[in-house]
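Every chain is named by a letter (A, B, C and D) in the order it is written, and numbering of its residues begins at 1.
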Amino acid sequence: MTIATSATVGVALFGLGRAGSFHIQSLGLAAEEAQLRWVFDVDAEKRSAFARRAGCRAAADPREALADPAVDAVIVATPTQTHFGHVFPALEAGKAVLTEKPLGVSIEEIDRCFAAAAAGQPLFVAFQRRFDPSFAELVDRAHAGEIGKLQFVRSVSRDSPVPSLEYLRTSGGIFHDCVVHDLDMVCQIIGENPTRVAAFASNFLPEIRALDDFDNATVSLAFPGGALATIDVSRASAFGYDQRIEVFGDAGMIEAGNRPRTSVTRASSEGNFGARIDHSFPTRYRDAYLAELRAFLACVRDGKPAPISHAQVRLNHQLADAAEESARTNRVVFL
Amino acid sequence: MTIATSATVGVALFGLGRAGSFHIQSLGLAAEEAQLRWVFDVDAEKRSAFARRAGCRAAADPREALADPAVDAVIVATPTQTHFGHVFPALEAGKAVLTEKPLGVSIEEIDRCFAAAAAGQPLFVAFQRRFDPSFAELVDRAHAGEIGKLQFVRSVSRDSPVPSLEYLRTSGGIFHDCVVHDLDMVCQIIGENPTRVAAFASNFLPEIRALDDFDNATVSLAFPGGALATIDVSRASAFGYDQRIEVFGDAGMIEAGNRPRTSVTRASSEGNFGARIDHSFPTRYRDAYLAELRAFLACVRDGKPAPISHAQVRLNHQLADAAEESARTNRVVFL
Amino acid sequence: MTIATSATVGVALFGLGRAGSFHIQSLGLAAEEAQLRWVFDVDAEKRSAFARRAGCRAAADPREALADPAVDAVIVATPTQTHFGHVFPALEAGKAVLTEKPLGVSIEEIDRCFAAAAAGQPLFVAFQRRFDPSFAELVDRAHAGEIGKLQFVRSVSRDSPVPSLEYLRTSGGIFHDCVVHDLDMVCQIIGENPTRVAAFASNFLPEIRALDDFDNATVSLAFPGGALATIDVSRASAFGYDQRIEVFGDAGMIEAGNRPRTSVTRASSEGNFGARIDHSFPTRYRDAYLAELRAFLACVRDGKPAPISHAQVRLNHQLADAAEESARTNRVVFL
Amino acid sequence: MTIATSATVGVALFGLGRAGSFHIQSLGLAAEEAQLRWVFDVDAEKRSAFARRAGCRAAADPREALADPAVDAVIVATPTQTHFGHVFPALEAGKAVLTEKPLGVSIEEIDRCFAAAAAGQPLFVAFQRRFDPSFAELVDRAHAGEIGKLQFVRSVSRDSPVPSLEYLRTSGGIFHDCVVHDLDMVCQIIGENPTRVAAFASNFLPEIRALDDFDNATVSLAFPGGALATIDVSRASAFGYDQRIEVFGDAGMIEAGNRPRTSVTRASSEGNFGARIDHSFPTRYRDAYLAELRAFLACVRDGKPAPISHAQVRLNHQLADAAEESARTNRVVFL
């Protein structure tokens, strides 16, 4: 088992883009637990400038960082389709790894990574919603029986703003990029693997249609114990980043809603007005990313396995495949 | 004791204006309990037209209705300053009487009415907020100990729209017309008579200033057991009829808020938008007026005393006087 | 065209059970527009007692009422499976008819009724949610373009309490009894006929399983213009009658939520507590039933066609069939 | 004018208790703008341990830190009654100073400090509520005319948990310790100095009565332009740290409410349940303390005066005195 070699975990961060920036913020808040030693980015200037400012080293090649025994853990925050290419060597080098999903673009890549982590180093595939304080509370309370037997879950996710075309091109499509998060939450809440999936999808934005991708989708799931679920997602929410879950049980309902940016409301002759919700994921999930980093660091420090298992990562990938197949063929897909 | 002579209470209604109209609506909904037999209004045409439509008799003189033994109860809904002139003869004729506050313009008139009701007929001086489902629930729960020892009450009342100048001229002023309702609720909630009153008042509307009346006022009250209260009122709320109460106790807080007109909300890039609250008192207090009428009819039927006592009606009048005195003299008034 | 023969519409009411009682309440509030002349119920004692109290006539046979020329309109509030048996003769007798859905148990019965109404008398098949103030406002505002192009609708309906076994036995099943209301609203909002339906259903309550019926269901719909919709329903909501609609467009989102019974909230060390929502449909849809009756009376008075067309009633029936077929076969059904 | 001698502001922090801890958190988040160079605390062990961990120096005597030219700014976070003793020498040493109110226990101490800052170094007396995102937004929008002419303000503040007896003993009493924050906000919102103050106060907690202090108070204020205000405070809120402001204008109302800790709600047969609000000031005002620190650092860097003027600090002190005098004498106090 990989255990941090000193009180604080030595970290290398690969990728200084959108995902890298919120990991940097989290590392600042968890400064007593982790020390950033190396950064890598394909942009040489960016990595050098950042390293100077942060007082760490810039790697021209990721292998420099992997060769440093002071590095206990690698955070892979590079573009989605390069995750496997960075995660696999890091695991082979014996490092603990944290990466946002996806781990790879296929079940094979997923399996190879978990095989490479067989020595015991934590391989932490982060579905960050699990670490959102509101969603985590919802899951805990649903599992604690507060609303009785769980019969139905609705998960809604709407992006704001629409991701860039550059991002969308390599995103893997709406099912693997977005819906997979909802699938992960829904299955975690119900606590079973679904048996049937039905999905519809459509595209209103021409640039998304041109990619043969979708900007709207619904997914229905049936579980062996009788529970049902629906998921609805959109790439373009005009009113901010809309991420909610509703769980219905035979003794009540639990909802985790959005949060307005401030608590200010106004009453006028036109009605009552509240603040906008958070605009996008870096603010909405700020606390989640920090909680996720702390959970990862605890795994590294204590040699514990990551809380999201190989089976769960596999299932999420397969369900996203199944949902996409259903949407493209207009058939119910059995699992 | 006056007890209705048949299963349904025979009613005479004096006044077919603003107040009369919501009593008529309530009588329609309580049709199985009460039968409208007479109406009186100073406008001969109005009373005749209404009587024809409603299938009852129109009194050219209120005494015609009072002389009818089929009339068990009189509802006085004439202009404020004429209440006493109608209530007193009705009580002397042995009828049960329902009137919205004020009963009279002085303590003397109040005392004479209750003396005239000494034979036992119900004299029901309606402070309609007591019958509002939300306010009534708040009072019951505060008294049931849900929030522990009561330490503070805030009552807010804002008119919408601004009453007509014609009405304001005979309204008795903001303290006797508006604040008295808040005083009634605050004292009912605390369950004590206050010992000190401090009030400030101001006027932004020139037409109200011209009447030597106020359009904004605050009142603070101190009670013997240590509880405190504040009241704030306005004659001109731009966003609808704003009537709320907050009670703070050492184990929690209970609030009774406004209700939006519908449950529709909208999220946009500007924020979250809810419906307007009820515009004015006939809609906000529709349920209260019905509950108040039913409570009155129950008193008539069962020969029970009215739920608002002589002492409470007197106290409300004296407190309104004290608050106005405080506002006009800038002194704390002791009671 | 059937036009009321006097200022007020002469009404016969068939059925004095659950549905009859809210029509009676509405007739009391619309007394100036309609006069109840006849009632019929299979329970002879019930109809006689009611007629005595209400001052109308009791029909031992519905044909007595249909033969009376003073009857302009018939309200059919008998058990679901008997609707056609009462509606059809009433239409043949030239009367305007108001009935809650379903009009009949098959497309054939629906078509025969509308054929019988070809002379022009209003045949008003009431989907009462259309007349709910909040839902009606949601539809109007969505159609007015407030949230741009409509892309997604979610409709949720949860019964409270669970209907009686007696009722369930003749209810037609969850798709024809419940989901049909959601289908009606969803299609009205989108303004298109869906092309594909996918449904899952399950049963947690043994007594419902024994009827080969379901207590939970989800339905997904795809529309030709790209809009998608989900419906989720339950027979057993522990927290009250849960009826909500959410509409998502490219410029925002409109929701129509439940209403708490009072505006009272409480803050304590455990959190913030609000009132229960309305328990069941007679209170939740009280305003809707009144609005629906007034709309019907206006049709009768003015000889206007009913606002819900033959095509819409047919479509709702066919969609409920399609959803049930999808749930029973686990296939996507194309329309 | 004192301007930071390098890109980042060199900071000394005096006091490592409750107030110190949230300044330390803020300094961590503003690491790119400020560098902590010295800490001082009367507890030698605490200051040494902290300095070791944070990589700064521990001062046995505050004068060591004041003598260091690398120190641009001093944050005074020592107990309330020692503020003046630390602030004054720091200003005399030419350092910029940030301290939470109070600056001193008398008008004389306040005046002496501002005289000592006459050379131009920022003296930033922090009323942290001004920097709370919700309150700051409320003020900006009220001043921008969103609700027309301002006529009334209500400010409520309720502590949770009850401060320790040790703290209360030196707190200066409820008017100088708590109410002064509400007075600051109310006067900032109205933009005038009040002319009359009326206050009532009481004590339910025996330990607070024993200190001749109060645990509940209400204050009313009248402003020259006609605006009115009420303040109500409590030392013991059972449901968390309750801090709200409501502003009423002739075109509407703006409120800044509390925030629940998570967005999770639950519906049950008992009603709807939301999360608790923040428990106490370090969490409620976390963002405010950070914003306040950033505002201070900007003053130091750019040589700008602090946003809260000498006149405002004086006025707040005088108003707290006046309110206490009113409460103790039961008289309206004129200013």
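Assorted remarks:
FYI, a contact is a pair of C-beta atoms (placed from the backbone, for glycine too) under 8 Å apart; a residue touches a chain by one contact, two chains touch by 3 or more.
What you see is a predicted model; the values in this text were computed from it and never measured.
Touching subunit A and subunit D at once are the following chains: B, C. Taking the CA centroid of subunit B as reference, the farthest chain centroid is that of A.
For the pair subunit C and subunit D, the distance between mean C-alpha positions equals 58 Å. For the pair subunit A and subunit C, the distance between mean C-alpha positions equals 43 Å. Annotation for subunit A: residues touching 2 or more other chains are 147, 238-239, 242, 251-253, 267-269, 275. In the complex of the two chains, the subunit B residues touching subunit A come out as 238-240, 242, 260, 267-277.
Within the complex formed with subunit B, the subunit D residues making contact are 147-149, 151-152, 154, 158, 196, 198-204, 216-218, 220-222, 226-230, 232, 234, 236-239, 242, 248-253, 330-332, 334.
Every residue of subunit D that touches subunit A in the complex is listed here, in rising order: 28-29, 31-32, 53, 133-134, 137-138, 141, 146-147, 251-259, 261-269, 275.
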